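Step one of this worksheet: look at the structure below.
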Amino acid sequence: MFFHRKELQFHAKPDAPDAVFAKQLQEVIGGQYGEMTVAMQYLFQGWSTRGHERYRDLLMDTGTQELGHIEMLATMVARLLEGAPAYEQEKAAADPVVGAILGGMNPQHAIVHGLGASPKDSNGVPWNAGYIIASGNLLADFRSNVNAESQGRLQVARLYSMTDDKGVKEMLSFLLARDTMHQNQWLAAIKEMEAKEGVIVPSTVPPEWEASEYSHIHFTNSETSTSSQLSWLHETAPDGHNFTVEKPEPMGEAPILKPAPPEAHDTLPEDKLK
Amino acid sequence: MFFHRKELQFHAKPDAPDAVFAKQLQEVIGGQYGEMTVAMQYLFQGWSTRGHERYRDLLMDTGTQELGHIEMLATMVARLLEGAPAYEQEKAAADPVVGAILGGMNPQHAIVHGLGASPKDSNGVPWNAGYIIASGNLLADFRSNVNAESQGRLQVARLYSMTDDKGVKEMLSFLLARDTMHQNQWLAAIKEMEAKEGVIVPSTVPPEWEASEYSHIHFTNSETSTSSQLSWLHETAPDGHNFTVEKPEPMGEAPILKPAPPEAHDTLPEDKLK
Amino acid sequence: MFFHRKELQFHAKPDAPDAVFAKQLQEVIGGQYGEMTVAMQYLFQGWSTRGHERYRDLLMDTGTQELGHIEMLATMVARLLEGAPAYEQEKAAADPVVGAILGGMNPQHAIVHGLGASPKDSNGVPWNAGYIIASGNLLADFRSNVNAESQGRLQVARLYSMTDDKGVKEMLSFLLARDTMHQNQWLAAIKEMEAKEGVIVPSTVPPEWEASEYSHIHFTNSETSTSSQLSWLHETAPDGHNFTVEKPEPMGEAPILKPAPPEAHDTLPEDKLK
Amino acid sequence: MFFHRKELQFHAKPDAPDAVFAKQLQEVIGGQYGEMTVAMQYLFQGWSTRGHERYRDLLMDTGTQELGHIEMLATMVARLLEGAPAYEQEKAAADPVVGAILGGMNPQHAIVHGLGASPKDSNGVPWNAGYIIASGNLLADFRSNVNAESQGRLQVARLYSMTDDKGVKEMLSFLLARDTMHQNQWLAAIKEMEAKEGVIVPSTVPPEWEASEYSHIHFTNSETSTSSQLSWLHETAPDGHNFTVEKPEPMGEAPILKPAPPEAHDTLPEDKLK
Amino acid sequence: MFFHRKELQFHAKPDAPDAVFAKQLQEVIGGQYGEMTVAMQYLFQGWSTRGHERYRDLLMDTGTQELGHIEMLATMVARLLEGAPAYEQEKAAADPVVGAILGGMNPQHAIVHGLGASPKDSNGVPWNAGYIIASGNLLADFRSNVNAESQGRLQVARLYSMTDDKGVKEMLSFLLARDTMHQNQWLAAIKEMEAKEGVIVPSTVPPEWEASEYSHIHFTNSETSTSSQLSWLHETAPDGHNFTVEKPEPMGEAPILKPAPPEAHDTLPEDKLK
Amino acid sequence: MFFHRKELQFHAKPDAPDAVFAKQLQEVIGGQYGEMTVAMQYLFQGWSTRGHERYRDLLMDTGTQELGHIEMLATMVARLLEGAPAYEQEKAAADPVVGAILGGMNPQHAIVHGLGASPKDSNGVPWNAGYIIASGNLLADFRSNVNAESQGRLQVARLYSMTDDKGVKEMLSFLLARDTMHQNQWLAAIKEMEAKEGVIVPSTVPPEWEASEYSHIHFTNSETSTSSQLSWLHETAPDGHNFTVEKPEPMGEAPILKPAPPEAHDTLPEDKLK
């Protein structure tokens, strides 16, 4: 069950309006690796966790916190739009600076949201749940989580260079820090799980299920590839076996499919056509 | 530039038709973590790689190989549908086994594809590029890759239990092995990059950008959380600092937004309304 | 800022596994009118509210509560899948009851989520933010909200008939009640706003902007329509004017578009083609 | 069955080209609350109406009319693009006004549509049927309809401020008027249905299905919420009962999920891991 | 401007309920090649046609007619659901035939639509405007149209085999006929346009824009391809030139991208990393 | 099985950075008719081909080649972004030319991809598999293919006018040529298949399935349509029969649907409501 406090987790006040940056900042609200993604991913993972109370709690802790990050960013976007020339289209022809702002802002901030934040990315594409995963396997999901926090912090770092606004930068510096924490956290959790289970997910596959003769070959499908010079290919693999490198060759046959039944109305086979 | 050989990388021949399993197998073709995802993700990462020739080549090697995995799976689906009662709807009322097959198969296998594979997931949702990432940061992307291979191998392992067909199982055993290799590969690459750059992505953020006083605090937003008992919270964090645990409190203020301009036609502020 | 308590707002325990109902129940988690929709809609509306503190708070109260409803439903789905024959595909051929369950369940519950809930609808389509609105105009948005609670309660009522499970029904009876409350709440809020602003949204449009001679005509575009017999068409309209009924006639001209410039490579006009 | 007349319902002729406004106007063609939405929503509702001939006819009347509104807007967009510098990219560097236009226009108007309208919103996101509802319950759907007409008129009002073009404004003034009519119409229909059925949708839920002790409580999940000061909370609720206000407390237990079966390859429970 | 007549263009009455077929029939309402696609595609093409009055009219004629086909199919789906055991989930365990029906029907027909049609495909994926094209080039679009009618008729033919219901088959026989007409119509229009413009779209590309030395080579990227045995490769090409066949070789260089600027926070180049 | 060579099929080097054109060029990578579409469409068609070895090979040849076109375009986009002022937002206010570039570029090129290509269209909408078809019927699919190559070449021709960059134009001239080849190829293949099967797809529908009395009537649903003056309507139809023209009249009845069962909670019929 959830509760809310009206105060923000951290400050979210820009020094000045900036409609174009408001559009760009949407990426970390409703983009593939925005705060909606981490919030929903951690909550759904938490709700599905079986037999690991502390990790369930960690997921709920973090997911709940991320909800507050969406809130900070939505507040920031709403304020970046306050005082921006969002409806002054007619000035654009006369004043190219205004023109560039209006051309560069998200039109839905003006038309759909009345100067509020949008649950979409920096191009206006709606957030969708195809971005998130809750698999029931903690190690797999923690790897997804450290990826999400890595991509997320990378995007925040890029946005940091794209503005001079001190208020915005202050909030971004907080988000950079929290993403550092969350990368640390998932990395530590991964290390613990790998120590218990081994590094290959899922660890529960019986050996006889796997064609293990193919489990450590690096195939160089790019013909003049230099990848075989990567030093780790000549060291022990993370699961303790040795890598080998091979030029790939087909092991199967060229597939010949049977004709479809008449009800499929597929093209008749060549010898039936004429 | 790409080339094709008509032989499959590995066998893809079921022992018998199974239209319901054909539907389920679609998950690893066109689902969030299917072969279309890894193929396209690795290729786009490869095409964007700057200054790392051997990793560019590794990405192209692996992405090119994954194209051949889509091919194996598409062939398998086409064969699982050969001989299945896909168009015998009228038998369903009389024969509940046929009814269950027809109810459980993907109707588009019959209606849209004429007994061929679909570029969609096990529920018929089209694959989309929102599943993939190519960020320009190799460590971030390798973390995405090890996640994709973990989720992918997990799904293949589950599918392995859902069929008795020896031919299908043989192909799945090969895919399990390749996903083992690819997890090993990205884990080794991550280890190398972390050794060179440090574990926090991106490594290039100047320290003064980050509010580092918040970079190692675990906030327990779930009020009776037991997460603070996780042992690694009491050890050195992956980036070498120490974790702390805190009950979270707001550091910002309750946000008050200014009224919108009249052109927004937002609701007038309370004191203007009456 | 958000907090979580580990206890559920209400009980969410089925009496028995039911994988098919788990699939159906997904509709009210991740469907167009599921709990993800109302939670995210109310939160984004709250974050964008300007000049109406109490309504901002009401939106945050309700949105925060809805997060807890996603949690109850996700828990219920996870439990409905406990003990279900999700991976026993091979039994399906022999036992048509099992076959019907496996054919009727969501394959991603088994393959992707490992018996956990999914952020998708009852057909497996991912939730997306195109379902929600935060417009900055409270009356407009409250109308969206009462619609969402009406569709939501309707769907819960239908699901109530589709199961005999007492535990499930108990949870649904709670959701029915909360949707009653929320319909009451938005209806009361609408009544207040309409009393202050008038019934036509937005109330701030200057009269001279509107071609008011067309503001109360009912056009019968369906030629033998009986709609003009609706009694309220012969009473005062909600905004105080009178309705009229007219057979529609075009008031514009048949449009003739000019040729495109050569750079468009549109088809050349007829007289240029030969 | 449908028929078409070549004349437009109303004039749709701009005074001058404006490629940026053409992009913005797309919102009310193919956006969440554009004319494609109302047209398709009313038609699907009409086609599903059972036992209410006059409302079926009203829905078909209005849906058919809305098809003509898509037509007017598509014509307007095509004309706003006539004469715009859509393909003069090279001038952009020299002339910042042209640069702002080319940066601010929808590139697909030039590349995909050859200066014609697009079935997408103002950010180029394709219209999709997840925007519409036809539930079989008229009161629920009329509430959706009054919401759609409210959001739609709000968006048209905002667009009205964003242009100086007299021809565009004339068409928008007509759309404002029709949206006034349609708000009136659905409000009147709602009033009639509420009088017959009561205000809570669906009206057909037997009282014993509902945990009615929770049907009128306002829970203040936002901890310092001022929402309880809303005057209507202290008056009779729309359905005739009285509201109460409560600080929310969990009524369920903290959920403990059972371990998954081995076939799920979920993480093993903590006590099985070591 | 559009008008509606309440009578259907053709009969749409099944002999008996069939919830599973209702799901399957959705493909030709809201699928990639369903009637929503052809209706919207022809209308948007018509609205964008410049300088070809009779083709504009043909497109409006046909698009308007297709609206009536959606209507027929929506009516058919609503009737196929009348009397089906949509809400009798509890009977499913006891009666495997009912179980198969409930497992095989679209759950949204019961939960979302109250036994009405859905604007989605046979898997419940919402129709979206990414399925349609209006390019401004008539020959290009007529080719899209003949494709749509070909795929559409193919799907109807497959559905014809999947039911024994005489009423359904009667309606499908009408749709087969109309798709024959529309294939004929677009083929004839294509022939006329090709005669005037030549066969390569767009015909307006100046010869010096094209690297014409590559305009007639068939590259055999599949290494043991037998495609060069296709007889037409040894005849005159449709545009009057001769085909040649070549084993493909790269003509470009292996791409080396420059390092990104520091603000991108991409991985530093190899020589900068250590 | 697939292989890769590191050299590009053709040169992909711009003369100068151009972030706005990089955005526009995305259309032919990840748009509805971009190279991802043709690559995936041909490969899926090839994998499903039954009984036509040479056409299977042709599809694999061409699909494999198109993968190399994605590669060329992705390389071009990455280079167009090299040196562009992507992160210099703060200069935009001072310099309207920079402002126009930043307003007009794809923000995700900077924030998400670190100056690499994106698998999305020119508006940032992710590519999805709803764009492609593999039907099992070669004639139907070849028609889809010639449409895709026509739309694709049209888009490339438009892009050609939108840049002055010689390096870009050189690459586009190659793509124009390859699209010429592929139009030729599919047109020739269509001609061969039509000669063998007849022009109406699918050719395998028994005559008694079709209501052939409606197979050649052109209905003029647009009331003052001039379409009947199209000359080919007065000549023999492509399938050898004669067209006729008729003013359309309904042949069905106005549909009356039966009331829904109580479990649907649809609105009660009018006579039950009061």
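Letters A, B, C, D, E and F name the chains as they come in the text, with residue numbers starting at 1 for each one.
Assume a residue touches a chain if its C-beta (ideal position, glycine included) is under 8 Å from a C-beta of that chain, and two chains touch if they have at least 3 such contacts.
Just so you know, these numbers come straight off a predicted model, no measurement behind them.
Participant: Just to be sure I understand the contacts, which chains border both chain F and chain B?
Facilitator: A, C, D, E
Participant: Taking contact as defined at the start, I'd like the list of chains shared as neighbours by chain A and chain F.
Facilitator: B, C, D, E
Participant: B-E or A-B: which has the larger count of contacting C-beta pairs?
Facilitator: Answer to which pair has more contacts is A-B.
Participant: Relative to chain D, which chain's C-alpha centre is the most remote?
Facilitator: B
Participant: What whole-number Å value describes the gap between the mean CA coordinates of chain C and chain E?
Facilitator: Here chain C and chain E have centroids separated by 28 Å.
Participant: Just give me the whole-number Å value for how far the CA centre of chain C lies from that of chain D.
Facilitator: That pair's centroid distance is 10 Å.
Participant: Go ahead and note the Å separation of the Cα centroids belonging to chain D and chain E.
Facilitator: A distance of 26 Å separates the two centres.
Participant: Indicate the whole-number Å distance between the mean C-alpha point of chain B and the mean C-alpha point of chain D.
Facilitator: 31
Participant: Going through chain F residue by residue, note those that touch at least 2 other chains and give them in order.
Facilitator: 1-9, 32-33, 48, 50, 53, 57, 60-61, 64-65, 68, 75, 78, 87, 96, 99-100, 103-104, 110, 112, 114-115, 120, 123-126, 128, 130, 133, 135-137, 139, 154, 157-158, 161-162, 202, 204-205, 221-222, 224-225, 248, 250, 252, 254-255, 257-258, 260, 263-266 - these are the residues of chain F that touch more than one other chain.
Participant: Quick one: do these chains touch in a line, a ring, a star, all-to-all (complete), or other?
Facilitator: Per interface graph, the chains form a complete graph.
Participant: Considering the complex alone, what residue numbers of chain B touch chain C?
Facilitator: Residue list for chain B touching chain C: 20-21, 23-24, 27, 31-33, 96-97, 99-101, 103-105, 121-125, 154-155, 158-159, 161-164, 221-225, 248, 250, 252, 256-260, 262, 264-274.
Participant: Under the touch definition given earlier, write down the residues of chain D that touch chain F in their complex.
Facilitator: 1-6, 47-53, 87-90, 92-93, 96, 99-100, 102-104, 106-108, 110-112, 114, 120, 123-126, 135-139, 193, 196-197, 202, 204-205
Participant: Where on chain F does chain C make contact in their complex?
Facilitator: 154, 157-158, 161-162, 224, 254, 263-265
Participant: Once bound in the complex, which stretches of chain E touch chain F?
Facilitator: Per the stated touch rule, the residues are 5-12, 32-33, 53-55, 57-58, 60-62, 64-65, 68, 72, 75, 78-79, 82-83, 86-87, 110, 114-115, 125, 128, 130-131, 133, 135, 137, 139-140, 143-144, 146-147, 150-151, 153-154, 157, 160, 169-170, 172-174, 176-178, 180-181, 183-185, 187-189, 191-192, 199-202, 204-205, 209-222, 225-227, 229-233, 235, 237-239, 241, 243, 248, 250-255, 257-258, 260-261, 263-266.
Participant: Where on chain C is chain A touching in the complex?
Facilitator: My answer: residues 1-9, 30, 36, 40, 43-44, 47-48, 50, 57, 60-61, 64-65, 67-68, 70-71, 74-75, 78, 112-120, 126-130, 132-137.
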